[in-house]
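Consider the two complexes below, in which chain A is the common component and chain B and chain C are the respective partners.
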Partner chain A sequence: MIPDFSKDDISVVSHYLGKILIALGIAQLLPLIVGLISGEMAAVIDFFISIIACFSFGSILLYFSPSPYELNWRQGMIIVALSWFLAMFSSALPLYLSGHFEYFLDACFESMSAYATTGLVLIQDLDHLSHAHNVWRHLMCFIGGQGIILVALVFFFRGGDALRIYIGEARDDKILPNSITTAKFIWMVSFTYLIIGSLLLCFVLLLNGMPFSRAFFHGLCIFMAGWDTAGFAPQSLNILYYHNPALEIVTIIIILLGATSFGVHYAVWTGRFRELKEDFEVKILMFTVFLTYLITLVGFSGYVMRFPDTFSFFRSTFYQVISAHTGAGYTNIYASQLAEWPQLAIFGVIVAMAIGGCMNSTAGGIKVFRIGLFYKSMKREVRKLAYPESSYIKEFFHHQREISVDDAMVKTAMIITVCYILLYLSGAIIGTFFGYDFLLSLFESVSAAANVGLSTGITSTSMPAFLKIWYIIEMWAGRLEFFAIFILIRFFVKLVRR
Partner chain B sequence: MKKILCVILVGLLYHPFFSRAQTISAIINNPDLFDGKIVTVRGELIGDIMTGKGGFWVNILDSESAIGVWLPDSEKGKIKFLGKYGVQGDFVQIKGIFNKRCIEHTGDTDIHAISLQILKTGMEKNEEIPVEKVVFAFSLGIVSLAAIGILHFLSRKESPPYDL
Partner chain C sequence: MKKRLERFLRMLEKGIIGISIELVYPLIVTVSAFFLCLIMFISEISSR
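Moving on to the complex of A and B:
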């Protein structure tokens, strides 16, 4: 029999949500300090209000929900699902107070987009946003990419609790023996790349004639959003602002690193460079990038002459495909130009977005691991038919170690893939209901659910509120890969039935 | 008197502020219509100056959209303020050739400026902090600190309820 939810569940969940709120308050100290350094006192006050609110509500939750118990799996899942919503609301507060959002819903959309590393934006007059708020937008991407829980894990959770909550955030790579050391490793990798990547981008921008302070600020922001495949940028023109192909090449390297599994990063860090060549997921990623770009190229046949030269064509098309596939959402063309692309080329980008990056990376989407698993499973079934009935056929793949394809693994992958497809379609149907073109609605919906952030122009402050809410749900569900959300829904259904 | 009025009227019509200009959105949304043609845009210069071979980039923002403008180095001295937080950038009129996919700049969508006119010099703005926001922040801070202090006191009086 399935155990029912008890009062203890509510108490435990509230207790950990309190801890997460306090962690989010601590995270906001960084933009507050940036505001103080930059002399942006209005921004400092916005963050002061938000931090106080986080600490107060966090303390109240902790006081009224003392929790001496150890977490169980379903509590862990509910905490994960709710903490992302809580993070969205609490982090939207300083954004809304900045005066750059028409509605609080828009600020919530922006913060969920940042945490889920989507990159769709509803901010107004981004070009005049304070440094403090801009750092906060990009820091949210950095936190969300690693996982909100992962931030709290390092500081606030016990070993047993940590694993239960870690897996709820769509991470199941056991890079190191326990989840806390794995979390620490992920942060160490991310911070090391942050320093190298930001300095590299800063150097490129210095060559572009930017003063050091501006180049460093832009480099830092672009790295945080690029490594976490979020696609935010400090200016409204996104990557188009820089008019710099060299910078685009650096961002391609960063987003590819971000879309690579932390397991592969660990292997490379420990000197096992062969993993890069042998890992099944990396191979599938390269193959699907090639395949989706091929679809886009075929879509453009007959249109190539409209580009001044081959490099211009490659620059415009490949950047969107790689950005879509890794889930980054960085763009070097206008949304209206993307909407003008031939339908097959748009379809190629949709497929790239839908597939996404590697498992246990910062990328979203179905993930290349699952696509590869279906391929291996199909291969096994075909071999089964070809061999005598009594034969026992096994199919292996290399993903940090040799793994045999088994039915349970394929079943789980299939459930998640079907959920993604249904989510993609739901947004497309709702978009069409509101009068948008089906293909463009599908594009926007896949972009939201696969946490990509490319847009054909549907996402704007003027879009219907219901569509904004639906995209928020898509971003949230897509980032957490459904299971935590299913358990949360069941939890609420049980509560209502009482 | 009539002659003077006519001269003023004609002068005003030829003044950049009253001459015909396209919005950036109109150009971007109808790129084929404007591709390779001379356009006039008005807006605020924003962000940064980025150098290149024989010229520099600056982005111009009107009420809806922004676009990159390629200018010759000789125009750099005219620019005094670039819009960002706390700074109102120079409000300018740019006349130039719009390129849907620029041959010179590897396919960028840009405007190659022929002329740059400063219509209104920008300025540094004083940061406006609403008094009610400051009062609210301080009140919230005091109430919250008091509440957290009371909760902490109560929790120490009872058994420690949480383990931060």
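Moving on to the complex of A and C:
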């Protein structure tokens, strides 16, 4: 008989959640140091309180749930699902103490948005936020994009436990044979690009006339949020604040690389350069980028003359599409301008957001891999009909190696795709119920669930509390790709029934 | 030790080439998208 959930699971789950809480407390030391360097004593106190809270609760959890036996799969899944909520609450505390949030719920929304690499914001007066809090907002994006679990994986977990937690976080590509070495490789790629990207952005901002310390701070923040396709920026106007085409191009490079699979990064970094041209996922990504951009451009027919020249038309349209497709959510126009776009153009951006980036990248959404898989399985079915019944039809795709399309793979991909579509629609229906336009509600819902962060203005402190909670759930479910959440729900149902 | 250093340098060399290629590919996408936009802009002007 297969053992079902029991109360023993609580002890194991609590033990690992305690470890993750302590890891999050350690992460908050960085903004605390930034606060000390910048002389922001109020921010230092906020982070000190939060670190003490993380360490205290983490220690209590560890004390009452001593070192468990080896983890099983379902426990790993529950830890993943709960750790994101735990991270949301614990990381919202210093944000709320900053005084830039009207309600604690708004601070929770902001921290979930950062961890899920969404980029929707509810912060007030962002332009006057302390450096320490701003670093924390962007660091959360970086931690979330890499995976909260990946943070803990490298430092706290070993052996089989690591793999069970790793898979739960919707990262099923094992680049290297061991999940710890895979996690280390992901961190190595991210840190290398952190140095290159931050310096590149800093250089562009210096040329724009920004003082060095400010340029470096903005460069670092923009990179952390861009690479992890979160879309946070240190200024309330986001990328529009800089009015700089060169910076926009650099951010396009960063977000496209962020939305590319770490498997492809690994191949290219180890000398298999052709992988960038041959990988099935990269090909589908390029195809869908151009397709959704074409839909957006066609949507603008009759409206093109509103723009003074081709370049400003290109900047306004392509930046939103690439930002939507990669899940970055960076924008160089006002939310009100986006809401006034022709409907077909908005639809083009919605499709781009819904599809998202590559699997095993920092991007959200359905993922181009699943779209490609759907296409391949359709092609296989059509070929089956065209050939005699006795024929055995196989369809292959190249994703680091030649892989045959099998029914189990297609079934899992389709389940997740349907779940995403239902999640997108649920937010749109709830938004419409609260009186917002359906298309704009759908836009906002897809933006939350696909972890994009573009907004047409619905996301604001004045939106209904229920909608805020629903968007938090959408960001969480979209980031974890459902299975860990389904297991968590089953866990609670079983506990209640006992 | 020498072998290890050689292996590391070989990997670094490949890594640098890999990073350069990765940095160029988003630029190719951007330039191609610009041409798509240009075609749209010209066709819109010529249709008026």
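One rule holds in what follows: the second predicted complex is superposed on the first by the 495 of 498 C-alpha atoms of A that agree within 3 Å, B and C clash if a C-alpha of one lies under 4 Å from a C-alpha of the other, contacts with A are read in each partner's own complex, and residues count from 1 in each chain.
As a working rule, contacts are C-beta pairs under 8 Å (C-beta built on N, C-alpha and C of every residue); 3 or more make two chains touch, one makes a residue touch a chain.
What you see is a predicted model; the values in this text were computed from it and never measured.
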item: Which of chain B and chain C A:192 touches, first, second, both or neither; value: second
item: First (chain B), second (chain C), both or neither touched by A:313; value: both
item: Touching partner for A:128 - first (chain B), second (chain C), both, neither; value: first
item: Partner chain in contact with A:477 - chain B first, chain C second, else both or neither; value: neither
item: Which superposed partner A:53 touches (first chain B, second chain C, both, neither); value: first
item: More chain A residues in contact - chain B or chain C; value: B
item: Partner chain in contact with A:116 - chain B first, chain C second, else both or neither; value: neither
item: Touched partner set for A:294, first chain B, second chain C, both or neither; value: second
item: Set intersection of chain A contacts, chain C complex versus chain B complex; value: 313
item: Residues of chain C defined as touching chain A within the complex; value: 11, 14-15, 17-19, 21-23, 25-27, 29-30, 32-34, 36-38, 40-41, 44-45, 48
item: Of all residues in chain A, those that touch chain C in their complex; value: 192, 196, 249, 252-253, 256-257, 260, 265, 268-271, 273, 276, 286, 289-290, 293-294, 297-298, 300-302, 304-305, 310, 313-314, 317-318, 322
item: Of all residues in chain B, those that touch chain A in their complex; value: 28-29, 31, 46-52, 56-57, 59, 61, 66-68, 70, 83-86, 101-103, 105-110, 127-129, 133-134, 136-137, 140-141, 144, 147-148, 151-152, 154-155, 161-162, 164
item: Chain A to chain B touching residues, read off their complex; value: 15, 18-19, 22, 38-42, 45, 48-49, 52-53, 55-56, 59-60, 62-63, 66-67, 97, 127-131, 156, 205, 208-211, 214, 235-237, 240-245, 306-309, 311-313, 315-316, 333-334, 336-337
